[in-house]
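One chain, subunit A, appears in both complexes that follow, with subunit B as partner in the first and subunit C in the second.
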Partner chain A sequence: MATSLAPHRPGPPAAPSHGRTGALTARHARLRRRLADNALAYGFMAAGIVCFAVFSWYPLVRGIMLSFQQDNLITAPQWVGLDNYHHLFDDPLFWTAWKNTAEFTGLALLLGYAVPFVIAVLLNELRHFTAYFRIAVYLPVMLPPIVSVMLWQFFYDPGGGLFNTALRGAHLPTSQWIQSPDTAMISLVLVSTWANMGGATLMYLAALQAIPGELFEAAELDGAGLWARLRYVTLPQMRFIMLVLLLLQIISTMQVFIEPFQLTGFTDPSTITVMTLIYRYAFAVNNDFGLAASMSVLLFAVLGVFAALYLRLTRETD
Partner chain B sequence: MTGFPAGSRARIALAVTAAAGLTLALSGCGSSSGSSTSSDGVVTITVNDMPAKTDPVNRKIFLEDVSAFEKLHPKIKVVPHEGQMDPQTFSTKLAGGQLENAFYVYYTDPAGLIAKHQAADITPYLSQFPAASQVKPQLRKVFQDAKGHTYGLPEGNYSMGLVYNRTLFQQAGLDPDKPPTTWDEVRADAKKIVALGHGTVGYGDYSKSNTGGWHFTAEMYSRGGDVAKQQSDGTWKADFDNATGKAVLQQLHDMRWTDNSMGERQLLEWADLLQMMGAGKLGMYLATSDNIPSIVAQYKGDPKEYGQGPIPGGQGTLAGGGGFMFNPKDTPEQIKAAMAWVMFKYENPDRIALGSQRASAAKQPVGLPEPNLWTGAAAQAKAAADAKYANVPVSNYAPFQQTIAGIPLVLEPPKAQQIYAVLDTAMATVLTRKDADIDSLLSDASKQVDSLLAAQ
Partner chain C sequence: MTTRASASPATRSLISDQELARPRYRAAYFTVLTVTTVLFAAAFLFPLYWMASSALETPREFAAQTPTLLPKSVHVAAYRDAWSQMDIAHFFLNTVWYAAGGWLIQISVDVCAAYALSKLRPAFGKAIFAGMLASLMLPSAALLVPAYLTVSDLPLVHLNLLNTPWALWLPGAANAFNIYVLRRFFDQIPGELLDAASIDGASRLQTLLRVVLPLSRSVLAVISIFAVVGMWKDFLWPLLVLQDPDKQTLSVALHRLSTSTTQVPPTEMIAGLSIAAVPMIVLFLFFQRHILGGLSAGALKG
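Our next item is the complex of A and B:
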């Protein structure tokens, strides 16, 4: 490391280092030493900062600027103030998209939050074939999202699809699945839950296995049954990870795109979401990137609220 | 351990910021088109429309044409790119400087590109290519602005008709040589075809990825209607929230829900109906004749099974197609070189017979019923070549061929792809919702189309 090891040149005798000047010199020396000691760390950090600046912060700032512009990315952009936002609030699809996104997020939380937890508890209780079941649960996460969505497209086909064929075989009434506005949303949530629950399950499982065994033993000695153990040991111990997953799930499900885009398109009012509406504004119908950016800014603001909420909650628990 | 280690909050906050930031990553970074070069006087041009590797026969023909052209023009080098035009990525490609020197566009796009100065004015160079004047004036007009300046060269055109399965017609007791010519007959015939059972669909229609709106438009034209009408002040307004629009949607709704003749599977897009036709499960659908070779080649259909009739209703038929426009950043040398390529490959009266002969030898369809690109002597040369090298069951398409001249060809509306995207909703709703409110669907779509047409 290049520390300042150069020999001291003789110079005029230094003034007595009293007070302010002396303290400053000492501080500079300390700072220089600290910089030198951590040069490697700063180098690594710089690389990270550059990456974030280029790939995250620049698009973010550019996106916010774009939301106040009319821009087709070809001719020079024009500042339009809040026009894009006014246009959004006047568009009936804007409210439909938010309503659908909220519905999707709600349903996805209901299923995607509870199902992995139950599966993790079950996996934790397993004594045989544990590796097999863990892989089986995680397998869908490894499929490229478009592949899993297209797989489900085949399952949902109301004519010769897997689900309706099975229902017909069992002499049960069939469903229109993604094609009927009554069932489309829950059908999309099922795909999303199936595709993403592996990750959450493994996180729950890791947290479950980290709970000290003596806590359960003590609870059992006190006469706690299964529900009491779940209520007083497992859930409190898992609280932190459950909060984290809740936040992460809200953030990811609010950005749902590929399931509605591939299965029902960007024109179906019963399943259009915020992200598919952004796509519709930018690429499909309006070709208006400013409008799309303003919708993105609103989504960003909503997600920011959840992030702030999370920080607040975790600060209180620390 | 009960969760993430201490200090992870900042990391999570950062991850949240990054995740949310992705939703904002719509900003485009422009870069200039990097294809010119003329060190030793050689002009290099990029062009698209090269067939993909999955279509080796046509790719080989294309590359042979590139070699032949370069031999003829030693000072021009052609760099071909695969594919044509994806309306959804076109504007970003253009903005990003990724667009070829000569690029394929559908007839739906030139007007918008001309208005935004996104295509080069080729008027000064047209006199060097006299064959261009033999192309039908109606098609040349698609690439012209109000002042008569020209911005592109047509490549081909099509008109819609009714593609049908002759075997299913026969099985259903219908005459395969007499396809339906009215929408009432389509409905009646579809009922007979669906009665065959085994998952057979009488009539199929699209409702996704802009294809639903495209068929809605074709069906409006067939009933003498329109989707957009130019006003006296030159602006455009939606023109489908009326009795004709209602008739189109009502017929589809009734066939889907009252007759059950359209199958349960909806939200179909381009390839779905071709696939169903190839599998012998579909009776009829609206299509252009060039669907038939795709059904045969890609979906293993039997060419003898398919016939084509006129568009039901017969009051007008949607005429579409495409051509080539030129990058506005091109130098005059590049424009001239790119025009020479397009003229050589696509608008070449001297190579009509060669093209048919070669296609026939490569077992590509020759003699499909399509409206002619040409007028005058070139038109006659095309008809003669088609007759000489025809390798498709021409008699199956006679009902369509006989009516081509009598049904007016109607071009697509301005901002067609965007209008189609809006109209997809109406199509999807009547086909997936028994209680669809047709009046409000039409009025909602009409308002959206008006706002699209009003926007610059």
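Our next item is the complex of A and C:
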């Protein structure tokens, strides 16, 4: 027991009667103990560190290197400098993919950002069926994405699909949905929003419930009507979470993949996105991993800006 | 109404209970409530109902010009054929196996790492933790290609993990979010408790298993649910690393069958979709408190 207590005592010799040798053994024991503790800790962390090193840290470095290489998995990788980037800039699909991704993100934000906010404010005021509302809005989030997307694929069917059947029933003009370049993008956004908005809604709801009730009480006593309370109490109190969700949604919607992949394919120029183009370069058409990696690096750089903003925002309030 | 207001003043929101008690507000409230209830049912429940019930129709009824909301007669044939002929059973079991193994590995790796970082506090622990957290800022898209190459030929040992469960399990274990949540939870467990255990002669591992883990049941439940849901929902990564049709997950197989040249009857395909959705819906109905609670707790720091 005596040795295990020794490390807790800081500074010089514990047992003066033994002189220098006592101090040395005490220091040795302390060092041994600390080494043993560290060894044990690293033993516990080993599997985790290896997983991160192999599947996260190393691929990041390799991805950046790869973007300057030509690599098709058959011949040995060759350094080609900025060739991949030049190729990208010369490929008209590259610009289409960025334009489409920006369009998807913009539309997805318009819907996926505003609608959940309105729904959350509404749900926060409804005092009945609260469990039902929460479960219903979150159900689509639980579905495997391929299920939501394929389900909507049936709904979008221009002939007997649910949407056109309903439109015909209401004597309204029908649409080609995903099969026409004019409506394909908004159709993708609609599925994606349906499938994902439950998360944002419930996060807004949690934030709304954290607003101190006294603020509304005080505003009401000061004569603020419903709109004034919404404008001067709710909105300012929600500023932080709205900003956080904005950044998170930009980061996730810019990586959109499964909707264009399943509904319109990775060759359709009207909906090709950055991610489906990466897939096309690496796995579907070109087998050019260097080209795909340089596209990934560019996406990483763009998303990095938003990630850094997010980090700063959440740090400051810690 | 007034009793409610005085009983729970903390739950006060935009509209006060007194205001709601006024007739005009009450009428507006119940109108909005009804409209919202119906809209939610139409938008979120009806598509699921349509999926489950369409698969019960005969292909002929499904293809008819005027859709029927209630199947004229119930046919489970589509479900049965999907399960056996489309081999959904096989892909279902694959997915269960990937999710179960992935859960076990993810939990053991992440719990051990978080325990060491929180309670053993080794040298460079902070730097390693920061490195792990940094990966949260890394969009998965950025790693897609190099991670695929890594999995196809592991550095140093040169193993090819493609078409093996390890290609899903090992990258999944590098989960910084889990480690962050677990570490924060472990930090709250008083050190005296662990000291007491070690004075009683418990090793570090025993302390973890007998003291720390039983105290962490709630957080372990949340992480476990998110691990299983995450594995079940994942699409792009399994699509890349499990190209052998025999090894595929349910999601990937459904995509492949939907684009293959052999035409699967639509009712059978929809039955397949339903089967893929059921475990997640059941899980959600059972654990909705955990899931919705974990969502708002972890949301801001994710």
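Throughout what follows, the second predicted complex is superposed on the first by the 255 of 318 C-alpha atoms of A that agree within 3 Å, B and C clash if a C-alpha of one lies under 4 Å from a C-alpha of the other, contacts with A are read in each partner's own complex, and residues count from 1 in each chain.
Here is the rule we use: a residue touches a chain if its C-beta (ideal position, glycine included) is under 8 Å from a C-beta of that chain, and two chains touch if they have at least 3 such contacts.
Remember, predicted model here, so these are calculated numbers, not experimental data.
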Open item on the list: Taking the superposition on A as described, I'd like to know which of subunit B and subunit C A:F154 touches: first, second, both or neither.
Closed with: second
TODO: Would you sort A:P59 into first (subunit B), second (subunit C), both or neither based on which partner it touches?
DONE: both
Open item on the list: Once chain A of both complexes is superposed, is A:T75 in touch with subunit B (first), subunit C (second), both, or neither?
Closed with: first
Open item on the list: In the overlaid three-chain picture, which partner chain does A:L311 touch, first (subunit B) or second (subunit C), both, or neither?
Closed with: both
Task: In the superposition, subunit B vs subunit C on subunit A residues touched - done: C
- [ ] Return first, second, both or neither, reflecting whether A:A36 touches subunit B, subunit C, both chains, or no partner chain.
- [x] neither
TODO: Considering only the touch criterion stated at the top, classify A:V118 as touching first (subunit B), second (subunit C), both, or neither.
DONE: neither
Task: Which superposed partner A:S296 touches (first subunit B, second subunit C, both, neither) - done: both
- [ ] Name the contact category of A:E220: first (subunit B only), second (subunit C only), both, or neither.
- [x] second
TODO: Using the touch definition from the top, say if A:A284 reaches subunit B (first), subunit C (second), both or neither.
DONE: first
Open item on the list: Please report the subunit A residues shared by its interface with subunit B and its interface with subunit C.
Closed with: 52, 56-60, 62-63, 66, 73, 160, 211, 241, 244, 251, 255, 275, 278, 282-283, 289, 292-293, 296-297, 299-300, 303-304, 307, 310-311, 314
Task: Interface residues, subunit A side, partner subunit C - complex - done: 37-38, 40-45, 47-49, 51-52, 54-60, 62-63, 66, 71, 73, 121-129, 131-140, 142-147, 150-155, 160, 162, 165, 194, 199, 202-203, 205-206, 208-209, 211, 213-214, 216-217, 220, 226, 229-230, 233-234, 241, 244, 248, 251, 255, 257-258, 262, 274-275, 278-279, 282-283, 289, 292-293, 296-297, 299-300, 303-304, 307-308, 310-311, 314
Open item on the list: For the complex, give me every residue of subunit B touching subunit A.
Closed with: 1-4, 6, 9, 12-14, 16-28, 30, 88-89, 91-92, 94-96, 116-118, 199, 208-210, 212, 263-267, 418, 421-422, 424-425, 428-429, 432-433, 444, 448, 452, 455
TODO: Using the touch definition up top, name the residues of subunit C that touch subunit A in the complex.
DONE: 9-16, 20, 29, 32-33, 36-37, 40-41, 43-45, 47-48, 50-51, 54, 63, 65, 67, 108-110, 112-113, 115-117, 120-123, 125, 128, 131-132, 135, 137-152, 154-155, 170-171, 173-174, 176, 179, 204, 229, 232-233, 235-236, 240, 250-252, 254-255, 258, 266, 269-270, 273, 276-277, 280-281, 283-285, 288, 291-292, 295-296, 299-302
- [ ] Under the touch definition given earlier, write down the residues of subunit A that touch subunit B in their complex.
- [x] 52, 56-60, 62-64, 66, 72-75, 92, 157-160, 176, 178-181, 207, 210-211, 237-241, 243-244, 247, 251-252, 255, 264-269, 275, 278, 280, 282-289, 292-293, 296-297, 299-300, 303-304, 306-307, 310-311, 314, 318
